[in-house]
Amino acid sequence: MRRRTALQGAAVTSLLSLGSSSCALQSAPAGTDSNGVTTLRMWHYYQDQQKTWLEDEVRRFEAKHPKTRIALIDVVGDQQAQKLLASVSIGNGPDLLMNNIVVDFPVLRAAGVLKDITEQWESFQDNDQFPEATAWRNEGRVFNLLPYTNLIGMYAHSDALADSGVETVPSTLSELESAMQKVSEKGAFEPLAMAGSPDVEGAWLFAPQLLGLGIDYCNFHGAAVEDAFRRLARWRDKGWLPQATATWSQTDAWQQFMTGRYAFALNGNWNLGNARDSGFAIQTARYPASDGGKSKVYPGGEGIAIGAQTKYPDLAWSFIESAFLSAPGARAVNTVAGSIPVRADVASSDQLAGDADVAPFVEAARHQARWPDNERTADMQRALGEAVSGVISGQLSGDEGASSAVNEIAAARADGGGSC
Amino acid sequence: MITPRPLKRVFTVLAATLGLAYLLPLVWVILTAFKTNNAVLKNPNSIFFRPTLETFRAVINDGFGAILTSLQITISVTALVLAIGVPAAYALSRHAHPLWNRVATIGLALLLILQMVPQPMTVIPLFSVLANWHVIGTLPGLILADLALLLPYAIIVLRPFVLAIPNVLYEAARIDGASSVQTFFRLTIPMLANGIFTVGAIIFITAWGEFVYAINFLPEGTVLPVSGLLAQQNSQYSANWNTLMALAVLTALPLLIVFLFAQRRLVNGLSLGAVK
Amino acid sequence: MVILAAFALWPLFVLVQMSLSEVGPAEIVGNWSFVGLRNFVDVLGDFETWKAILRTIGLCAILVISNLVLGFIAATVLSTTGRTASAVLGILVFVWALPPLVSGSVWRFLLDDTGTLNAILGLLGISPVNWLSDPALALWSVSAVVAWASLPFSILIMRGGLLAVNPELIEAAAIDGAGFWTTRWRIILPLMRPTLWILAVITVLYAFRSFDFFYVMTQGGPGTSTNTLPVLSYYTAFTNFDMSTGATIAVVSMVVVLAFAVPYVRTIKNEETS
């Protein structure tokens, strides 16, 4: 008998929870209500300071547009692309969205998630403040904007440099090699913390070693590629890169650098605030240039786009102008969230160019590389990441890594229609 | 149960060893929850540090909201899975007709294969099905999806418990003139108490941790369930280890309570069964 | 019941359809063009797929041994002792309730080359081992963590099965003079055969469909050395939404698992005819 009452109890509880939940778990309102207030749904996956910045911008916008509300909808970063594809398939896509542009732009574009914003962008009065690479195009049409970026550079632990007799922060890869040699001989510090995980992150950390020589995913082959992989194998063999690097993500590598045991780190501008709280002195520099080449990295960060199914493209665009393209928005994104705006007047201001730690990242953002326009860009990155991780772990020799990367990247590019 | 005395001592040692193997990582989780983010970064494995309650203070509101969402989902799913799964397992194991046997066997094989579809790959097809039924972005829609995911599991696990009920008891019931519905409620369910609690606990915990469906099928802009909230703590930019671990501790507490409650019940259920 | 079955069958149908079509991001919404077995030719022609099958079988073997053998011993231990057992069970459940994201992350710290485990080994004079970044070792390290994480589940089920065994049978055996382990072996184990089968099946299924620990701990690396079938399928399907290749790999793993399911279905049949 007791068993039955327990079961009945469970049934009643569940009915109650079903009933109560229909009011507790309800969607944010969207569209225009009876008071003429229009609510736009914006999907984003920002956390912490980045979210604070976005909320500030929404408040600033709503103060100027009393009849418009921007409802920020939290999604989980890893799952956003899938959820977007599914939502669009039933006609319920968001009005505005932020996306991990370097990975999912081709997918979202092909799946019809993004609205064509060519007209808006070209008639935007300040668009000459932005480099050409800000507008992401497919077949000549603009679908996505990257008005501020997050990108990688080099961090150096000042005490480790002094301890090992390294006088200046290396600016080329061969200077970095000789500096790592010194650090490793002295033995008090480990030479380098970088990400080497077999995914887009491993690829993104390694690609700049070739970008400065003019080699990107579109022409990924030749002697320079082999040299770069052999160099990576050399770093591994000399113990400059611990084997554990082969599974480190950027956050893992940063965690290691923050323990204070490493002399150098290759990591992103978003860690600058954290680095200043670290308790040891740091210096920053651009990603070391390849010998005979320039320092060049891929831009990363969040793209902003208008959803293809929005009913309010004009309102959505005015929010983009206010938060993402205006000078106040650009300044705030740096002070609040630590990102690097590319808008020329802000980038050259004292706030950015005048800060010695920030300046290298601003420089890098101005000379950024261009991502390929190919549906399989993410596969190419994954292929490169697997090769990098394979070499660092010792699963592959330098030459094996190079040939695996060259072949897999070429295959992915062909699968994606061969365009670049 | 009778255990020889020397064995009992060995068992206690074994149990303690097992406990330690699970306790040590748990200790790491708990210690990290009391560190500042900077302390985790600088020395993730330190044992001696100045503990702070700051992390818990920061996450308690989010954690509480997430627990409420998770409870709504989990209780509904567990109750429904048991309400459908117990009779289904009974029907698939107690049979009178040879044709029914054949159907049951094929049914079970199908259930097994269904378990093989990788969950993330079912999201997009399910999305359009749920949209057709106008339950996308609602709690019932999510519950339905979870039900389809977990029910086969529950039936497969319950089946051996049903089979373990001695046939003699059923014959006795038939001789007493009990209808099959009466037999089910008066005999099967009490005899299955162990199985029901075991499976209930498993479904509860699985539904609690379920993440892919929850974040895809819940209404937009609602408080994420525990699993979703935890997943948010790691991004490509930073990993808030202390927040993640504090949330993990906080949100595991309700489960622990449920388990302790279920365990007491389990002992009661056993003695009841023994009297009969 | 019928609705639920249809609901559960639908994804399977879509999966098979995807594996026979060309489905990229542009086609997810819209019509799929039928390409016959081309995806299967591509997938089976890739050496990496075969290596992934072997790795998955390796993981599977570890899990089956751990869940069944260790699980049975541990369940026996925990179904007999009193207060210690409840405490240990409480810990087990607590740990089991932690999502893979959390427990996987913890093990990443513990198994790091400068992590706690190596520190302990260092105290014993053993040099550090690169548990997760040595390509020869990583698969086994992650498998061990997966086994660790799924053992509580198996213990709980086995313990439920053990407690359901009629105590009179055990008393009868004791009166007949059977020793403790003889009773386990001769009386309890045969009675638990259905439970053991279920566990074995669930374990195999789990090995062939779960990827979360790999996702959290190694992302399939170092290099490709922990790419099991589900990991491969996940990354192929979701890196570029190449759904058809991902679906094909999933169908391949289903076929591999079906080979395991045959003996199970046969025992069910035997039970029913006897």
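When the chains are written out, they are named A, B and C in that same order, and each has its own residue count from 1.
By definition in this document, a residue touches a chain if its C-beta (ideal position, glycine included) is under 8 Å from a C-beta of that chain, and two chains touch if they have at least 3 such contacts.
What you see is a predicted model; the values in this text were computed from it and never measured.
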Across the interfaces B-C and A-C, which one involves more C-beta pairs in contact?
B-C
Compare the CA centroid of subunit C with every other chain's and tell me the farthest one.
A
Just curious, how far off is subunit B from subunit A if you go by their C-alpha centres, in Å?
36
On a C-alpha centroid basis, what's the spacing between subunit B and subunit C, in Å?
16
Cα centroid separation, subunit A vs subunit C, in Å, comes to 33
Flagged in subunit B as touching 2+ other chains are 44, 120, 124, 231, 234, 239
Spell out, as numbers or ranges, the residues of subunit C touching 2 or more other chains.
28, 238
Specify, in ascending order, the residues of subunit A that touch 2 or more different other chains.
82, 85, 89, 249
Footprint of subunit C on subunit B - complex, ascending
1-4, 7-8, 11-12, 14-16, 18-19, 21-23, 25-26, 28-29, 44-45, 84, 88, 95, 101, 104-105, 108-110, 112-122, 124-126, 129, 144, 147-149, 151-153, 156-157, 159-161, 163-164, 166, 194-195, 197-198, 201-202, 205, 208-209, 211, 227, 230-231, 234, 239, 241, 244-245, 248, 252, 255-256, 259-260, 263, 266, 270, 274
Residues of subunit C that touch subunit A when the two form their complex
24-26, 28-29, 108, 112-114, 130, 132-135, 138, 217-225, 235, 238-242
Subunit B residues touching subunit A - in the complex, by the definition given at the top:
38, 41-44, 68-69, 71-72, 75-76, 78-80, 82-83, 120, 123-124, 127-128, 131, 136-140, 143, 185, 189-190, 193, 212, 215-216, 218-224, 228, 231-240, 265, 268-269, 272
If you look only at subunit A, which of its residues touch subunit B in the complex?
2-4, 6-7, 10-11, 13-14, 17-18, 20-22, 24-28, 41, 45, 47-48, 50, 71, 73-79, 82-83, 85-87, 89-90, 92, 100, 150, 201, 249-251, 254-255, 258-260, 268, 270-271, 274, 277-279
Once bound in the complex, which stretches of subunit C touch subunit B?
1, 4, 7-12, 14-15, 28, 73-74, 76-81, 84-103, 105-107, 109-110, 115-116, 119, 148, 152-153, 156-157, 159-161, 163-167, 170-171, 174, 180, 191-192, 194-195, 197-198, 201-202, 205, 208-209, 211, 230, 233-234, 237-238, 243, 246-247, 250, 253-254, 257-258, 261, 264-265, 268-269, 271-272
